[in-house]
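Please go over the structures that come below.
Okay, so subunit A shows up in both of these, paired with subunit B first and subunit C after.
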Partner chain A sequence: MQLFGQALISGIFLGSLYGMIAIGLTLTWGMLKVINLSHFSFAIFAAYITYQLSTSLGMNPFLTMLVTVPLFFLVGVALQWFIDVFRVDEFMSLLVTFGLFIILESVMRWFWTADHRFIPSDLNPYLGVSIWVGPFALPIPQLASFIAAILISSLTMYLLHRTYAGKALRALSQDREIAGAFGVDHRRSGMLLSGLAGAYAAVAGAFIGMIYGITPTAAIEWLPVVFAVVILGGLANAFGAFAAGMLIGVTDHVTSVIADAGMASLVTFVILILALLLRPDGLFARRIAE
Partner chain B sequence: MKWQVPVAFLTAGLLLWVVPWLRAQLDFPVFYLIFLYFVFFWIAQASSWNMLTGYSGYFSFGQGAFYGVGVYTTATLVDKFDGNFLVSLPLAGLNAALLGLGIGFAVFRQRKLRGELFALLTLAVALVVAAVIRNMDAIDGGYGVPLGQVPYPEFLGDYSTMLYRLGLIIALLTVFVAYAIQHSRLGQGLFAIRDDEAVAEGLGVPTFRYKMVVLAISCFFAGLSGGLHALQINYVAVESVFNIRIPLFVILMSILGGRRHWLGPVLGAVIIYTLSDRFSSARLEFLNQIIIGSLLIVMVLFVREGIFARLQRRAWFALGLFGLVLVIQVLGGIGVRLISQVAVAMLALIAALLLPDVLYRKLFGWVWVP
Partner chain C sequence: MKRWLLTNVMIVLILVLVACGGAAPAASEPIRVGSTLSLTGPLAATGAIHKVVGEIFVEKLNEEGGLLGRPVEWVMLDDESTADKAAALYERLITEENVDLIIGPYGSGNITAAMQVAERYNMIFPHHTGSLTYAYTYKWHFPMWYTGLDTHKTTPDLLFDALDSTGTPPRTIGFVVNQFPGTMFMARGREGDGGAIQVAQEHGYEVVLDVDFPFGTTDLSAIAAQVRDADPDFLYLSGLGVDGNTLITAMNALNYKPRGMFVQWPAPGPLAEAGEGAFSVTLFEAHEPFLSKPGARELNEEFGKRAAAAGITYPVLDVQGAVSWATWQTLIAAVEATESLDQETLANWLLSNKVDTIIGEITFDPDNQNYGPDLQSVKQVQDGKWVVIYPAEFAAEGATVVYSPCESTTESC
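Right after this comes the complex of A and B.
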């Protein structure tokens, strides 16, 4: 029981990281029709920058976000500008960002080599420190990532539903022409959303750097699971992505405890395939439609 | 079908069949044989991918799954059951085709699963296949499968000659089938599906059946070619077989060459493999990936028809430039190996074909009027 409960907690924490990466992806896909494969590269790149800043400058890993978040906001803006200028449609965006993904991977490999990079424990004081709740351990970086994921998805929901820019974006994603006629600038709104997605990737990257350590191929390892999360959560649904992330994370960890770690990835992908076949609009589709 | 076409394929096959003998006579290194084997391998992979994606428009990221099933069929049969290799080779293709049919049966009945959802689903299938194989001790179990010495018929020559010849047969067969499909009723139906599936269905194209047939054929050749490739790899491991490299390369090769013509992927495979082989032998793996990524972006944005279509329009200009650059290098003694010289000439060819139409007409229109 203790093992099972701990697996549940770890699953929730892992799932919050899945959700955090998935939110950026699902927003640009659902609202801007851009399937951004390089989103994963952004997250890993941000993780490397977190690693670099904390090892060579001795910065607190949490504070590195002050650098990476604005930086990747700009990267996201630039990507959307590029996609807008060259009129890249949904399908082309998959291939263009795939090209970008490959380029970024080789840049990371060139700069940081293929070795596994990990922030040394004296510079990463929170790693391995846990808050104990009864018999269960809540490791601090994971707990922080969970809180960050909740903040990010709430912030996104607030922005999209309560602010002018968010309403403009939702109008845009429903009908670009009509929204344009009402004075919504699709270029500026798109760049704002894409920048936001980039910033989220940077936050996720900081946690990846703190918790897991990084290799240049890490981007491809996160890709399939996060896509499963995006599809399960339903496109452009921030809370859906967050919830689906939890679901996948928990299944993952619980399967590892019941069966073994190899089975965990199998279960995840079987869930993805079933979801694609049975509910291609996402698990929470009906509730949104009503 | 015109009678010239099978004759042309046979002639090409016979000419290439004697290359190993010629190599021994002229005392070229064995490296050339292995290099050509890899070219054949990629031609088969790219062409088989293009039968499905180029013709029907269903974009697949799952090439690795079908190729991987082929590799592991050979690995399992040769290693565990000590089977005859030439018997297990067609089984590799059949296994992959069965997997394809299973996927198609589930997916093609869902109208929603087109475009990017189909692409992601095939990516997920590849990962599931990899996970299953890694977990099944009877196939791999996570430790990899060493093949060791595989017995094969004597008349195929030594090991690399055998690989070369079987690779040649498989590549020619795949390309011939790609040609035959394009010029058949099936191909016309698939093109209609790619352009507009609803209209095609309305006009009486049996879309479900056509998609299933082409998926099975495409998977068969991917598996067949993978089945042979297991002998080249020799130490089969999940991490290397289900690498992102296979889907990435076939996509890039077909997009570079062009997806609307059966020769597009062939041209793309020859160029991309030669260039990437030269880059890695010059220890420029880093540059190789960057160039491949940039090429993919440039092709998708600016040359969506692929370079083969442009080659048809500017054949004299592009091939002339290719020949000129090659001759200058050979006569001038620049570079060491013939392959490197060819690779440089290919870069010139690509540059000639990437030239935008407007610029081309302005610069050279007065010489070669299209």
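Right after this comes the complex of A and C.
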């Protein structure tokens, strides 16, 4: 029972990180029609900056987000500006951001080499430290990433449904021309959303840097699962991405202890296929304009 | 008539000169050695080590006069850590770059793919890091990951002998296995034969945990919970790269520390930092008696400088760098001894002679798929450094096996 419970907790925590990465991706894909593969590179790049700020300046890894979040907000804005200026459509965005993905991987390798990088334990004091609830361990960095994922998905839902900017974005995703006729500036709104996605990638990256070792190729390891999360959660649905992330994380870890870790991916993708057959818009899909 | 004769004589002379030129290349024409390395992709961290070592070797070789009086040029291409790319590039090296000799790439998958190309063109194929010993049947492959053909038996046997030598061997053991082909082979053997699990049972250890995880898994929290639940006296992680660190981090979060832990092919730097007491196996470490091998001390110093400059985070010569150097030594020894670049001549020499390398004396036994004995020794992280601790003749000064199943719990003693 303790084993099952611990697997459930670690699955929820891992899933929340999947969800956190997926939220940025699902928003730009669903609302801006930009399939941003470089979103994964942004997260890993942010992880490297977290590593660098911690090891060079001795910054607390949590505080590095004060630097990385604004920085990657601007990166997201710049990416959307480029996509607007060059009129990159949905399919082309896949190719363009794949190119950026490769370029960023090369830049990371050039700067940090291909070696594995870890934030040394003396500079990463929370790594391996847990809060205990009865027999269950809640590792602090993972718990913090879970809380951050809840905050991000809630904030996003609030922004999209309770603010003018969010309503404008939803209108744009429905019909750009009509929204424009009502005075919605598609360029500015798009840059705001893309900036937010970049900022979310930076938060996820900080946690990746704190919890896992990083290499320039780490981005590719997150890609298939996070794409599954996006599809399961339904496009442009921040809460759906968060919930789907946890579903996949829990499925993965519980399968590991009940059956075999090698079966986890199989079970995850069977769920994905079933979901696509039964609910093609995603398990948690909702019509964003409603 | 005279003019006609003179013209013919001139033509014949020119043809003779051209023919002579073709038969004996000018002394300045380099001997080209081709290989690929994983400079990008997931294997790039280790590929970088082999690049640094190869560059030092070729530079030194050229400073000392080259090979057969000619300079040596290393034509090295990036296989991007993928086997099919490695195979295609070896095809290119042989057919388009017209290299005279080849050396294998880094990593079992790439080596296996490139070996098939070498076989197709009858090129000798010295390689440094192939672990799927059973799969290498090419008559002219020369393995320098000198662990013996039955490494899936001899490697765990050596480790368990080391544990047994303490007088307090583990009674229970847990296995965590990465589903990477090489680590699966080391843990489970092949077709029910060998593998660390079987060898552990032969040593009388009770297997209380046996779990796999897919290659590329970044989060081992669920596995860590299973390890804590099974609480084996000794944990055998048949993993590679940073698997050891990932599992240790996850176990730390559960306040669990295994009483002893082995990692098959770890990234040495990160595990030295986080895995005090962890075991692994090696063919070379940067201390005596290994540094007494000819050229080893100088190589260790030069490698340290160049690796640090290249941004390699563990700039210490260890098994990867040493086997790379030994592979170059073996290839060059064959060429120098035979004064030939003919592949059959080189192969025959290698199959019938010993080569003294930085990792020891090497022979290639054609009756044993060109493998010789297993030269590995057991190493352990002690005071933040890797040191060989078993067998005693290879152990660092004063280093012994540090292991007791009784260290943290009294129930199992």
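Here, the second predicted complex is superposed on the first by the 283 of 290 C-alpha atoms of A that agree within 3 Å, B and C clash if a C-alpha of one lies under 4 Å from a C-alpha of the other, contacts with A are read in each partner's own complex, and residues count from 1 in each chain.
Please note the rule applied: a residue touches a chain if its C-beta (ideal position, glycine included) is under 8 Å from a C-beta of that chain, and two chains touch if they have at least 3 such contacts.
All figures in this text were calculated on a predicted structure; none of them were measured in a lab.
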item	value
Which superposed partner A:Ser265 touches (first subunit B, second subunit C, both, neither)	both
Which partner, subunit B or subunit C, touches more subunit A residues	C
Touching partner for A:Asp89 - first (subunit B), second (subunit C), both, neither	neither
Contacts of A:Asp185 with subunit B and subunit C, given as first, second, both or neither	neither
Contacts of A:Ala114 with subunit B and subunit C, given as first, second, both or neither	second
Contacts of A:Val129 with subunit B and subunit C, given as first, second, both or neither	second
Partner chain(s) touched by A:Asp175 [first = subunit B, second = subunit C, both, neither]	neither
Contacts of A:Phe13 with subunit B and subunit C, given as first, second, both or neither	second
Intersection of the subunit A residues that touch subunit B with those that touch subunit C	105-106, 109, 262, 265
In the complex, subunit A residues that touch subunit B	35, 86, 88, 90-92, 94-96, 98-103, 105-107, 109-110, 220, 224, 227-228, 231, 262-263, 265-266, 269-270, 272-273, 276-277, 280
Footprint of subunit A on subunit B - complex, ascending	59, 106-107, 110, 112-113, 115-117, 119-121, 123-125, 127-128, 131-132, 134-135, 142, 244, 248, 251, 255, 285-286, 288-290, 292-297, 300-301
Complex contacts: residues of subunit C adjacent to subunit A	39-42, 44-45, 47-48, 179, 211-214, 216-219, 221-223, 225-226, 229, 241-242, 245-246, 249-250, 252-255, 267, 269-270, 273-274, 310-314
Touching residues (chain side subunit A, partner subunit C) in the complex	2-3, 6-7, 10-11, 13-14, 105-106, 109, 112-118, 120-121, 127-130, 137, 139, 142, 211-213, 215-218, 221-222, 252-254, 256-257, 260-262, 264-265
